[in-house]
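Have a look at these structures, which come just after this line.
Look at the two complexes coming up: chain A is in both, with chain B in one and chain C in the other.
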Partner chain A sequence: MLFFEDQDSITTAAEGRVEGIAKVTGKGKYAAEYTVENVCYGALVGSTIAAGSIQAIDVTNAKQVKGVLDVLTHQNKPLVPGFADETKIKESRFGLPVFHTDKIFFKGQPIAIVVAETLEDATYAASLVEVTYTTEKFVVDFREAQASTPLSMAGKERGSMEAWSDAQNIVEAEYNIAAEVHNPMEMHATIAHWISQDKLKLYDKNQGVNNVQRTFARLFDIPTDNIEVISEFVGGGFGSGLRVWPHVLATILAARQVNRPVKLMLTRPQMFTAVGYRPQSWQKIKLAADKDGKFLGLLHQAQHSTSVYENFNEGITRIARLVYSIDNLKTESSIVPLNLSTPTWMRGPGDCTGDFAIESAIDELSYVLKKDPVELRMKNLSLEKSPDTGLPWSTNYINECIEKGAARIQWSERKALPGQVKEGDWNIGYGMAVGMWNAGRGNASAAIQMQKDGSLTVQTAMTDIGTGTGTAMQNIASEITGISKQKIKIELGNSTLPPAPSQGGSTGLSSISGAIVAVSKALKQKLADYASVQDEVYKNATTEDIILSESHLSFKTNGNHAIAYTSLWETHNLNVLEVEASSGPGEERQKYSFCSSAAHFCKVRVNSKTGKVKIDRMVCVADGGKIVNAQAAANQMSGAAIGGIGMTLMEEQKVDARVGGLIGNDFAGYHFAVNADAPLIEVDFIHKPDPNINPTGSKGLGEVGIIGCAAAIANAIYNATGKRLRDLPITPDKILLA
Partner chain B sequence: MKTEHLYSRRFFLKTAAAFTALAALPSTVKAFYQEVKNFIVPAKQTLPLVVTINKKEYQLSADTRTTLLDLLRENLQLTGTKKGCDHGQCGACTVHVDGERVLSCLTLAAMLPGKKVTTIEGLAVGDKLHPMQQAFIECDGFQCGYCTPGQIMSAVACVKEGHTRSVAEIKEFMSGNLCRCGAYNGIVESIQKVAR
Partner chain C sequence: MKPFAFTKAESLPKTLSAKKETTQFIAGGTNLLDLMKKHISQPDELVDITSMLSDKIEAHKKGIRIGAMVRNSTVTLDANILTNYPLLAKAILAGASPQIRNMASAGGNLLQRTRCPYFYDITTPCNKRQPGSGCSAVEGENRMSAIIGYSEQCVAVHPSDFCIALAALDAAVVVTQSNQKNSTIPFSDFHRLPGSTPQQDTNLPANALIHSIEIPVNDFHKNCAYVKVRDRDSYAFALVSVAAALDLKGNTIQEARLASGGVAHKPWRWYEAEQYLKGKEANAVHFKEAAAMAAKDVKPLAHNGFKKLMLQGAIETALQNCLTT
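For the complex of A and B:
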């Protein structure tokens, strides 16, 4: 296949991303930035209690504010057909039936939206809405509530727990991770515009326009095509845009009520309760090995928080079944309902959390066994087949990731015993861990429109949340058609374009790349079909036989037989040549298991007086199959590592159990890694295509970039100091007190 | 311009008078109610404003509460300047005021007369990108692009300030601009490229 011939041929280092100029000039339009005539502004009012119900809402003062058009509450909202009764609310699976209940489930729950002429008017008026409540007892303390939900089996037990009950080399420990918040830099925003009674246009921040479109078509009982969702530029997601959230519906209802387009941008504090977060979690690991280091058994228990109005389970113990071959395995889990908003998938959901516990325990076991942690892992990897499904891996190069990473960071410099290297007040150490992720793929469609000047427009509904989807589309289309990248325009993030799955779970590129290959080939075939009318040689030509240039198509062999596009267009009276194609997973999914993987290595220094951790070096090597765009892929990997640094050292959504709500819910209170918190991340790839996953051989990288980072850093801290930290984030106080 | 302090001695006297009157004279409730209401819900104030943004002079009438950030985004459709927190905690709204980097979310529009504002839209000259914009494209100094205008405005200032002697120094002086995608590698490289 063309793609596999020269693996490093496709890179856009020279010209950058397809949307680069729009992003560096500020011209790219994010959801809240479209000019919509007659637009007015919404501001949400959140509940000030954590549990109970609304007794009364007084909007008198709010309505006195000049410029206020209306205030929507559960008492005067336009009815949503999909929320007509309790049964329908349940069936809608929307989560919070915003403005359709007087019940309060968490502090900050949207209970009103003020609509006004200006943002200032709306914001001020929202502060004047007065609510009286009937309060009820709330539960927000995860640790306290843990006992309320007993553990139950998460997946099938393998072997037995008794088989390794007398194991000599054993590690048993508990791990806690604070709730983390996605906090993409663009706050979620929506402009809702009812074009007519049953036609809706939404400019919205999300990670899947078709999902948003379907959700509201169902809720309002209108045809899907009547809803257009536009999300051309998305200022980051990390999972927060995979669900459709209450504030979007609130904006749509407000627009219906005032009969004007309404714009709502969440405030940063609202971002902490409105669009999900990684749940707080507890884990227990029991891991044993024989004297040679072969794993004998693993018990993995996990609990994480959810809300009282929805069950969200991210599957923390899934990773226990993915990486290593372990004969005796038991996984148990449960979710703990709290009076907080519903958590959701956040980068590397479940696996990222579970991986921290398992990879920390393996490191701990390596010291018990007096074996190198790299060697210990190598010995136990399940390289041939998925330990869970039993199907052979299509490709799994996690061992090569480990080898390459170890060489790059000079793992041989690491001391086998902790606390051996000091520079003044600083203790220096090395750590490593691996990450893995099931490599999925969905059905995706794409279209190409070709003009007679040889220029192409490649289209899909899929969003580009910063991963470089558009650039990858351009690269692939250029590679297959032969048309230069300069002549290929990309259109995406609009529900009127050919449908595509949401961009999540590292499936974006894997899904869309197949569609781009298919549609590019369809274009060549269609041109050949038209050409065959003018020249017999094109009859029965395959896409491999055709070469496209800037102005002509020609035949690869058999002389040249060039035909100008202008001539084709004239002969067939064409305006635009349009082709569409779809592609998705097939029977290969029954034959193989698929995974992306990564190995993370770091060198840290820990200050013995202040407890500060500085990461000197971080090396991440990933198996992402064929790397379509090396620069964007490396960027995504290093970005994920920086997310991992935040998760390990600083990110923590604090909950105040007295008031039943969040504290520090802004960037002064919630820290993630700034530029100075991270070294220049060193990234490398295995560069081996997966021949079965999709036509390009590329596997997603978004998740594996972060899975494993936390354990790598914590393990390095142990190597530096001899202190084993099992609670994230590892803040200086925890190090000093350990 | 006429200014009135809301919480003056007169405020209390007037409010007290109004309440006394309400209690004593039910027939005049309506007239006094309006008086009282104006203190509970202060009326919006606007002021005329002449500002220079990207070398263009604007004659505006702005709400006194309006920040430079909202003025740019909501009133002038200069949406290149981004809102990431509205609290001076993220740097996404960084612009230049008289050549210095400034957080537009912490700057009231009313503070602008006599000052020259440059936003990301004013950085390129015609179709020719500023070297920092070019460097960000070449070094892939972004992913989602939302913090990018603020990063670029800060980066230009960082070079001008001379804080580019080492990777560590660049990182320190660019740490007021958060990037959740974590494109810090490319941001540092872009600055190094321009500073050379």
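For the complex of A and C:
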């Protein structure tokens, strides 16, 4: 369970990631890598039609394969209490009632799981399951369905649309973004093990163990504590692990049926339909400004896809209410049901999509107004208060992000008119955009166990999905207690540890940091309490009065009234000193609004003959409050920026309207950005703590790194070529045809 | 994946005589294993031919011979190739990833199958995979598909980069037939157009082996280039690729070669444009004219109209690059 077990790794890992050595040596175990005695293997069978129902499933041939233990379908599955009837299914909010319906909602929907002694047997047998269907009409073409889906108000209207109907400087345009998949490197996997009739142990890839635990406790009607979920190492998530997906339940049911632990790992093609994706979207923007550039009004309309069996709304227009002060604002949206699996949150959900349209439109307006897009934005930022809640920002340094970014990329090199700079067949241009995200915080708990040698183990249930959570926990605990990082171990990603929210929505560090500060202080307090028996001076000591070192605690200054841990431990006959504490948001949430923000600047070159876009430079400056660990934070930003490059230039989950499903759903067909597509991302921070958000002053960074990237690149392409591209991804063909 | 037997080939005669319709040779396995995992190839037996075929690059008077088992990355490191046939290395380096190139064999590269997404999805109709079932791409998602030489039955493109360079350099494929006799197939005849039998990619006789690839001596080593336009800059197949080679005397073109990938069911030579360039000055005006000449015959499908412009641009760029890189 420990991130690292031997002394060596502790001493060397402190400067980098706490889990770094375990990861690169292969010692760290991802969900599918655990060995569980008597385990057998599952393989999912997906429907080959997009809509209709199952007439018959013939498993005869599949069962002939040597090693096959059973094949689960809707006809023979063990009943899930939470799916007992239609009402319960609805109430469960689980989405797809896997194996509890004969209805088909999308192509690739899991309709059977084959369980066998080996993965090979299971996979082969899965190919022999024969299904006959009654087919129905399906809808998978978003563009077609979207046009006939009405919009409705999304949030309160500000001012009126009439107030700016005669505005002189106006842009009106539509923007489209293709569906994108998360596809983290580690494919989703589960090992389900029923320890007894009502005790379940899961090794599972997800972003929140407590969420998984609660979900199955409800579905199976068993106490939460009877379920242990282990997700100690998570090879990326990007939002795909924020929900509990049908394949996990399928594995649990299979384990129940064969009465053995079952391991299931999704295949790469299955990853495209099993764990959500960023939905395809359409947006329309109407934006006007007076001659000085003050925004007069904004109309933001948006639609995105969802599935036919579930409503998912990611809130594309939210960002319209966040960044700028606009007196007249109207936002409308709707979701468009398709015969595809349900989409979900993907890095910068909603805002990333909405931001592309708004920040592109602002750039378009800047050319209409003949104003520098940096100045235009600066003029309209809402720096004092949130335009949506009306509450003052606790901190908002988006203006400083813009200034710092502009200086770094040498924005003054940018030409005001497009298509001015050429090098051979290459056109060169600059672009920028900003991004913002509501900075949230949840309730989180953490525990510390202290040994008499002064070493600590800091624990929480929160997962570390590659974001550096464990490392940040170590940094904070060391800073508050004074104990060196080398002596602090981290344990996380296990539901038996103190509960914490899921790692998502840029709230991970914001939430857990409060708990780590609280528990570190609790430790000091507890030591002071024990110490007061030996030395009166500690009687009324506060945590600020106490200083910890490797071997002893002291009062006010190191060495003053020093008491060695060994002596404390002996006096009080201690074995391990244990403290636990929780921390969460409070009334500051009524007083302030909170945001993280970023400014993205880039320099691109566009080949006029081949349509190729190369990004020469990308500068991302973020306000993430106090930066707890500079390396991990920069890593979040550059990873997000490369995700942004993928979103802008190549990512597209293709749907074939005739086939009724995805095509090219593998890594040969779906392109995400690789190193060759990205320059070295130049990351910088504002480094100003937010005094109100949590005890460390740090705000989340995971989302703002990507929000704004797409518009910055598209705006740079316009500056380079005079071609305005409003449909993502901007592949070479679109450049050539524009 | 369907269970299969695995044997290591010991001798050529034994291997050839034992080869059945349901047996398949495996070299690097980088394409075949994917096809098996996706239930597109379902052999009963795999015969590993890696230790039975030459992995040598041999120079001789008339040219150079690349054994069928030479790994793709070996081609890119060979001194003789880098000096005298650099176009081959340039093309290979524009494809796949270092790991795949380390595994992939020269013979296997010639026989890799199309990347048409429907071909890889057994739930969709595809004449190449299942003759007679129909072509999903012709009226479906055909952004990556052919713009020349296709038929109603199949609009898929040939995916290899290496083969485009081989086509440009007038290579030939030496094959060992089941009767153990060697014969030579000119490269231009090795791959086929789909016609009404798209299931057949090449003219390699049934149960025959690729023995080696011959490339004749040429004067293109100083001025050659490979341009590959793709959706991302590494590890992606070509939207359009161009192998260009010029034999220059001063600035006058003695001979020109132009071949493209991503446009047809086989590596495509632009003979008319080559002919046009012969005797001309190497300059942008002539390059542009040659590119237009190549592009005039193409007939894009619903979603790949851009390939005409891209082809033109890529040919111009490749010819230009012949002078600089």
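To be clear about the criterion, the second predicted complex is superposed on the first by the 719 of 738 C-alpha atoms of A that agree within 3 Å, B and C clash if a C-alpha of one lies under 4 Å from a C-alpha of the other, contacts with A are read in each partner's own complex, and residues count from 1 in each chain.
Here, a residue touches a chain if its C-beta (ideal position, glycine included) is under 8 Å from a C-beta of that chain, and two chains touch if they have at least 3 such contacts.
Since this is a predicted model, take the numbers as computed values, not measurements.
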| item | value |
| --- | --- |
| Which of chain B and chain C A:M650 touches, first, second, both or neither | second |
| Chain B versus chain C as contact partner of A:Q631, first or second or both or neither | first |
| First (chain B), second (chain C), both or neither touched by A:Y124 | both |
| Touched partner set for A:V674, first chain B, second chain C, both or neither | both |
| Contacts of A:D666 with chain B and chain C, given as first, second, both or neither | both |
| Partner chain(s) touched by A:I480 [first = chain B, second = chain C, both, neither] | neither |
| Partner chain(s) touched by A:A302 [first = chain B, second = chain C, both, neither] | neither |
| Touched partner set for A:G20, first chain B, second chain C, both or neither | first |
| Dominant toucher of chain A (residue count), chain B or chain C | B |
| Chain B and chain C footprints on chain A, overlapping residues | 120, 124, 666, 668, 672-677 |
| Residue ranges of chain B touching chain A (in the complex, touch as defined) | 37, 40-41, 43-44, 63, 65-66, 70, 73-74, 77-87, 89-90, 92, 119-121, 123-124, 129, 133-134, 136-138, 140, 142-149, 152, 167-168, 170-172, 174-188 |
| Chain C - residues contacting chain A, complex | 1-3, 39, 115, 117-118, 120-121, 123-124, 136, 139-141, 143, 227, 229, 231-237, 239, 304-307, 309-310, 312-314, 316-317 |
| List of chain A residues in touch with chain C within their complex | 48, 107, 120, 123-124, 127, 425, 607-612, 614, 649-650, 654, 656, 658-659, 661, 663-666, 668-669, 671-677, 729, 731-734, 736-737 |
| Interface residues, chain A side, partner chain B - complex | 13-17, 19-30, 32-33, 35, 61, 64-67, 118-121, 124, 128, 182-187, 233-238, 265, 267-268, 465-468, 631-632, 634-636, 638-643, 666-668, 672-678, 680-681 |
